[in-house]
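Each of the next two complexes has chain A plus one more chain, namely chain B in the first and chain C in the second.
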Partner chain A sequence: MNGFKAVTALALLLPSWLAAQEPSLEGRLDPATAAAVLAIVDSARADGIPTRPLLNKALEGAGRGAHPERILWAVRGLAGRLETARAVLGYQSTEPELVAGAGALYAGVPPASLAELREAVPGASVALPLVVLADMVDRGVPTDAATTVLVSLARAGVDHAAYDALRLSVAQDIRAGAAPAAAAYTRARGLLLEAGRVPQQRPPP
Partner chain B sequence: MKRDPPNWNQVVRELKAMPPVDPAAPERIVQEIRGIERRGWGATAWEWLLRKRRVMIAPLPAMAGAAAVIVVLTVLLRGAGPSTGEAGPDTSSFGMHPTQFMVVDQEAAHVAVVGDFNGWDPTAHSLEQVSPGVWSLVVPLEPGRHTYAYVVDGERWIPDSLAARAPGDEFGGRNSVLLVAGGP
Partner chain C sequence: MRMGWVCGRALALMGLLAVPAVGHAQQHSAIDLASGALAIDSAPAHALFLGGRFGVDRGVLGLDGSGSLALLGTRPAFGDVHLTARLAARTGKLHTSLFVTGLAGGLVDHASSWGGRVGIRPRLELGPTHLSLTGALGRLQVGTEWRDVRTIGGMLSRHLPSALLTLSAAYTTYTYRGLVTEEHTYHVAGFPFVSRVTVTGDAVTSYFDGGLAVRWWPGRVSLVLATGLQGGQRTATRPWARASLEVPVHRGLHLVAQGGWQPAVPERELPSMRIASIGLRLSRAVPARLAETDETAAVSLVEDVPGTLRLRFSGVRADRVELEGDFTQWQPLRLVRLTGTSWELPLAVPVGVHRVCVRIDAGACEPPPGLPVASDEFQGQVGVLVVP
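Moving on to the complex of A and B:
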């Protein structure tokens, strides 16, 4: 029966081992900074907030040679944004959605915009729309214009390729000198027309 | 009818007595062993596997064993799932997705990709120069959102100019973001 005991132990321990696969700070940060980061991570874990993004933020800081205080500041800030994103997007949100939401918040997107996007597609992932929203705001598209455009596309049920096409074309237009808001509206309208979601305007008789 | 009491000493003697042995038995045993050697261990093992035997299993360990097998198979099969490598969530079953990173830099002597998939370690994934100035590498990634950057010549961190921008320049540099299909 020893074999069965071993298998039982494996069955009981393996899921928790798999769940515990988190990046390690060992050898990447000085002990004091690592301990401070882990304290933030433990607190986040207790609150049910994803911890991998926090550890990765610390590792990014280590990789970039950032000052320990800067690393702690960045990790604390991300933890706060993840908590806000979860409060707005809902407790059932996935880790990619929460991280994308936290990124959008960092870019300056107000929490209300995240909620609006979630309401537009209640049953689907909002990770990709949030990534595109953050990208557009980061490139200078005003948050209200970017939100309006992304919510319209989400409600229209466009596919993933449409979101990527919007991101690329808006970035291209802005680089070419177009006003960011105009670029976003124009390109989104084009995608909605292509998807048959906007009626063609007929010329007056 | 009255029976005589058994003679216990005689009974014990008869029970202890060795059974008669066939004089040809030792020869038969030797022949049997030679036969096994001729068949080889593979055939013998096969016979052992096919031999019927009674096995007793308690339900709880058996269920735990089955659960362990399922978990292990799930982990192993994650690497064999279908992959598209394209950005965009929820489009394929879960598994590691080969994702191509590519940079064009004529001046670079070495290019690495760093991100949340390798602990931001510049020594983890070096790109190969596939043609002059063109650097490429395929990295298997978990489904989900990944932040990354390129490290040129070990010191210059640059974002991917074609990818979405990842908000978050707390450390003074920009990152890119990609979504690998099949995520939650």
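Moving on to the complex of A and C:
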């Protein structure tokens, strides 16, 4: 039985390992565009910026049938945002954190919000909070409200399920007609109450 | 003359049905243009085939339409339009639909037909195996005669990772009722009188049709092979077989080759015919958004083998689901069907933040349900999957 599990795990991990290798542009882009993308990638590599997201962005554009100029614009933009995210989140940040940070910046989250989130949990990954932050901003939650909510949750040390619950419930409330900021605050307060991290309100005098 | 009128209407209806469907259908739509040979009663002729189909699902309601037309030169040889409305309900593994179909069309130089039928189709979904029964009643006007048609049938289908096997059987009985007006002229006291008498003739006849079909899609190519046997009181028992191959040429454009022996439709007086054609299919498959395929549509990560996370989709009613994303290098990767609406990616998902989209039945690639959504910077959207 254990042997079966080992073989199954190997069969699953092998393609996963293959998928984790650096993507190849060969045959996916015309030679001129591929060369221009690789020049951006080489420059990013020299600056210590992760290159796989850049290659993936080029492949994503190729898969969508985007114009070569548009692909180069997207790859250049992503390289710039990855650099900004690294500067704000710190040089020790992981690739998932930088990818999530770059996504948040593209969604309109200001760099200061990324820094605030990092400061809230200096030793933990901020990848998921950043993805949720970008999603909430994309749904119309004002940036300052979304940042406040996610910093509060991060400081409270809530688990991944809480972030997912917040995102889904806020999206549901907005669809039902709630004001985005109110939905974010209300749902976050509920989660913090569940976690026992909300200070008791003072009774009125 | 009447047939030309019917075929002309068939073409017009087909245009009305198919063209808007390309723009607005929520499930799938296609327009076919093919050139080939058509042989009826062993008389071959070159034909130009036009066809269109669409399907829309909105909650419990659904609408399907299809039309086809074969032209011999500029003269219509065969035209056909079907329009079906469906009302569906689901109770656990039992999915039941009530349907109403209207049809019109026919064969030039043969009797035209138009009419409709109502029916019920319960389907039991036992994982990848589905068993369905169909019962339908209808009335057809064929030329100046009409028939009451009753059909009962069954279908057993099994989904495999890249194939669908279907075994079907149907038994049809119809009451032929012909109306003939006879005129008699006779004279009384030198004056002519005309007498019209309508004679009604009844006759019950029946036939059966059974078949086996395999739909196989290795890679992006789709191959369908089907064969069966048809026979009855008025038709000799004879085999039929057909095959079709669909190869994508460009986004939304497919090369389609098909051929074979089509079985007859005795109650419509449509004889069996041989068809071989090659053509182009213009399809804009815009499937129902994933979130609308089922209220419970969701993505989950499952760790059934320690250390490996697998992506599972539930509540997705489709024939084919593919995922594209960072960890597939934006190449489509087909999901394996686990049960009727549950699918799994045959690949362990690496740790990280991944941008992904899902393609249902060769439609547009859309963000999976339940995941955060982000712009893809190419005027589309993707889902963001965080694997801790």
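A few points about this structure:
FYI, the second predicted complex is superposed on the first by the 178 of 205 C-alpha atoms of A that agree within 3 Å, B and C clash if a C-alpha of one lies under 4 Å from a C-alpha of the other, contacts with A are read in each partner's own complex, and residues count from 1 in each chain.
Going forward, contacts are C-beta pairs under 8 Å (C-beta built on N, C-alpha and C of every residue); 3 or more make two chains touch, one makes a residue touch a chain.
The shown structure was predicted, so the numbers you read here are calculated from the model rather than taken from an experiment.
After superposition onto chain A, the partners chain B and chain C occupy overlapping space and clash. By the touch criterion stated above, A:G63 is placed in contact with chain B and with chain C alike.
When both complexes are overlaid on chain A, the residue A:A161 reaches chain B alone and has no touch with chain C. In the superposition on chain A, contact of A:Y106 is made with both chain B and chain C. More chain A residues lie in contact with B than with the other chain of the pair chain B and chain C. When both complexes are overlaid on chain A, the residue A:A179 reaches neither chain B nor chain C. Look at A:L128: by the touch rule set out above, it reaches both chain B and chain C.
Using the contact criterion defined above for the overlaid structures, shared-chain residue A:A87 touches neither chain B nor chain C, since it reaches no partner.
Legend: residue contacts after superposition of the two complexes on their common chain; A:P23 is shown touching both chain B and chain C. Once chain A of one complex is fitted onto chain A of the other, the partner contacts of A:E95 extend to both chain B and chain C.
In the three-chain model built by superposing on chain A, chain C overlaps with chain B at stretch 80-88, while the rest of 26-34, 62-70 or 80-88 show no clash. With the contact threshold set out at the top, residues 5, 8, 12, 15, 23-24, 52-53, 56-57, 59-64, 66, 70, 74, 77-78, 95-96, 99-100, 103, 106-107, 125, 127-128, 131-132, 134-135, 138, 160, 167-168 of chain A are in contact with chain B in one structure and with chain C in the other.
Across the complex, chain C is touched by residues 5, 8-9, 12-13, 15-16, 19-20, 23-24, 52-53, 56-57, 59-66, 70, 74, 77-78, 95-96, 99-100, 103, 106-107, 125, 127-128, 131-132, 134-135, 138, 160, 167-168 of chain A. Chain C makes touch with chain A in their complex at residues 251, 305-308, 310, 324, 326-331, 346-353, 355, 365, 370, 372-378, 380, 382, 384, 386, 388. Interface residues of chain B, counted against chain A in their complex, comprise 57-58, 60-62, 64-65, 67-68, 71-72, 75, 87-91, 114, 116, 119-122, 144-145, 147, 157, 162, 164-168, 170-173, 175, 177, 179, 183-184. Residues 1, 4-5, 7-8, 10-12, 14-15, 18, 23-24, 28, 52-53, 56-57, 59-64, 66, 70-71, 73-74, 77-78, 94-96, 99-100, 103-104, 106-107, 124-125, 127-128, 131-132, 134-135, 137-139, 160-161, 163-164, 167-168 of chain A are the ones that touch chain B when the two sit in their complex.
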